[in-house]
Amino acid sequence: VAVVGSGDDGAPTLAAAEEAGRRLAEAGAVVICGGLGGVMAAACRGAVGAGGLTVGILPGAEADAANPWVRVPVPTGLGELRNGVVVRSADAVLAIGGEYGTLVEVAFALKVGRPVVGLGTWGLRRPDGRPDRSLVEAPDVATAVADVLALGRRRGQRAP
Amino acid sequence: VAVVGSGDDGAPTLAAAEEAGRRLAEAGAVVICGGLGGVMAAACRGAVGAGGLTVGILPGAEADAANPWVRVPVPTGLGELRNGVVVRSADAVLAIGGEYGTLVEVAFALKVGRPVVGLGTWGLRRPDGRPDRSLVEAPDVATAVADVLALGRRRGQRAP
Amino acid sequence: VAVVGSGDDGAPTLAAAEEAGRRLAEAGAVVICGGLGGVMAAACRGAVGAGGLTVGILPGAEADAANPWVRVPVPTGLGELRNGVVVRSADAVLAIGGEYGTLVEVAFALKVGRPVVGLGTWGLRRPDGRPDRSLVEAPDVATAVADVLALGRRRGQRAP
Amino acid sequence: VAVVGSGDDGAPTLAAAEEAGRRLAEAGAVVICGGLGGVMAAACRGAVGAGGLTVGILPGAEADAANPWVRVPVPTGLGELRNGVVVRSADAVLAIGGEYGTLVEVAFALKVGRPVVGLGTWGLRRPDGRPDRSLVEAPDVATAVADVLALGRRRGQRAP
């Protein structure tokens, strides 16, 4: 499961990200993220605290930019294009809060068919004026994690 | 100027894209797009008809997937990540209609600081519930082209 | 440490790759590779048999193309450009046998300053006619693994 | 045709690159390169002087790093991975002199099936000890340009 969110967000969002990381690790999921600070670091810290495996898909060319809770750093040298690799590496995406980088990841996930669960994140109105229903907003962390695990598991089983 | 939109859209959207391509070429702008069909082909056709230069940043590894109005095909082999290169190659972005791929390009443009003008495209609500004002929706093609040219020119002059 | 080599190579090369994977895992190194078959699968099999962690940086967009011994698949969707990410993710590179894809990885590693040890791999003559001494050819698997671990450790300590 | 070579090479190499750019443009070929200085700038200068079209596939995220003779800058933000896009965008590759970046481009071209003509560039010895015959070394600029045009034309016609 990929956890996506801003590198620069407030304390309630970071607490939600840490709880999400912990819950995902407890369920046996690998936590994949962009490898930097903010929501990414909080989710990794939560996952590592619960004995989980964490992967950081980094924008830069060197592994040492990863936050200390990334177990497997992948320095892509792709810059912001690495957001697409974060999303592809996961069976489902959990978007927490977020700035434009998170919007890129949500959009990319919808484009390549990864299910997305949101927690206080972007809302999308389609060109025809209707809201986009593919991005499911969850009421709390526990529900968000349960939903993203269920969607990811379904996709993992269906994938050829 | 990058023109972004779906490869599979209706006739009014395609007519708007062709008119936008023509107007951009008449103003001396290079039309950059994803190089495939639909809005991309219509914008290129309009630009070439007015004697303009067109660049197609293709997802695949071979140039022959480009539509016939692409003067300079760039087959990246990047798949959907090529959307980020389309946006980076331009000083401003005009989004016409669109599916999820267009949303990726709009999001990426906002992320990397390219101004975006929309014409019947996605609407964005920020995580705090307010609409995002960076994506400017235009009332018609002539206004959209004038706005995107002005924004692109300002950025081109400011860029270091 | 990245182990690079062809997806389609003979039995002696595969046996060397499996032994290299085993020795790297026994030394505590993470084995990073392109995630597919041949030398990549043999190195992963060796590493997993010794309890090691394996990462597969895949060219395609779906994780299920990974060989069964990849613990962390990273489907990049970058096609052959993913070879650059394989190399960047490692502190040192071990090239075993190989076709043109391996040559890309060796060249990329030299370009971005990752030390490379070769085992029956490409030889390089510089434009001025002299052989390139940056690619060190090892006489056997045990020496190759010892060399690549020493070079990778030195780089890992030096990296900022 | 892509012209690849170092950003930092001596005067005879640069003179050869400028002559090659001029001859390619006179033959009606588009000159594609990495967009920066050295061999890249010399080839573009030669091509523009003969009225040709030049494309610069840049490593960085901004167009203004392009040399002044690049007509169509494509800022990829891919870093050194952009070398793969340079090669894919061409029907044939001319390698002049060069450092490791040029070796990456030669290797990538061989990997993805673009014919390569060399002019004082790298030599390759295959893992089985034999020289690699796919990289054709030319005796002078006129021959190199004639060869690369013939090979590129053959590929352009054959491509599906």
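The first chain written gets the first letter, and so on, giving A, B, C and D; residue counts start at 1 in each chain.
The definition used in the following text is that a residue touches a chain if its C-beta (ideal position, glycine included) is under 8 Å from a C-beta of that chain, and two chains touch if they have at least 3 such contacts.
Every value quoted in this text rests on a predicted model; they were computed, and no experiment measured them.
Student: Give the label of the chain whose average Cα location is farthest from that of subunit C.
Tutor: Centre of mass proxy via C-alpha means gives B as farthest from subunit C.
Student: Using the touch rule from the top, work out which pair, B-C or A-C, shares more C-beta pairs.
Tutor: Here the pair linked by more C-beta pairs in contact is A-C.
Student: Need the CA-centroid distance for the pair subunit A / subunit C, whole Å please.
Tutor: That pair's centroid distance is 29 Å.
Student: Using Cα averages as centroids, what's the distance between subunit B and subunit C in whole Å?
Tutor: 40
Student: For subunit D, which residues are shared contacts with two or more other chains?
Tutor: 61, 77-78, 80-81, 84-85, 112
Student: Touching subunit A in the complex: which residues of subunit D?
Tutor: Touch list, subunit D to subunit A: 61, 77-81.
Student: In the complex, go through subunit C and note every residue touching subunit A.
Tutor: Listed in rising order, the residues are 30, 53, 55, 57, 61-64, 72-78, 84-85, 88-89, 91, 112, 159-160.
Student: What residues on subunit A touch subunit B, complex-wise?
Tutor: Touching subunit B from subunit A are residues 78, 80-81, 84-85, 97-98, 100-101, 103-104, 106-108, 110-112, 120-127, 129.
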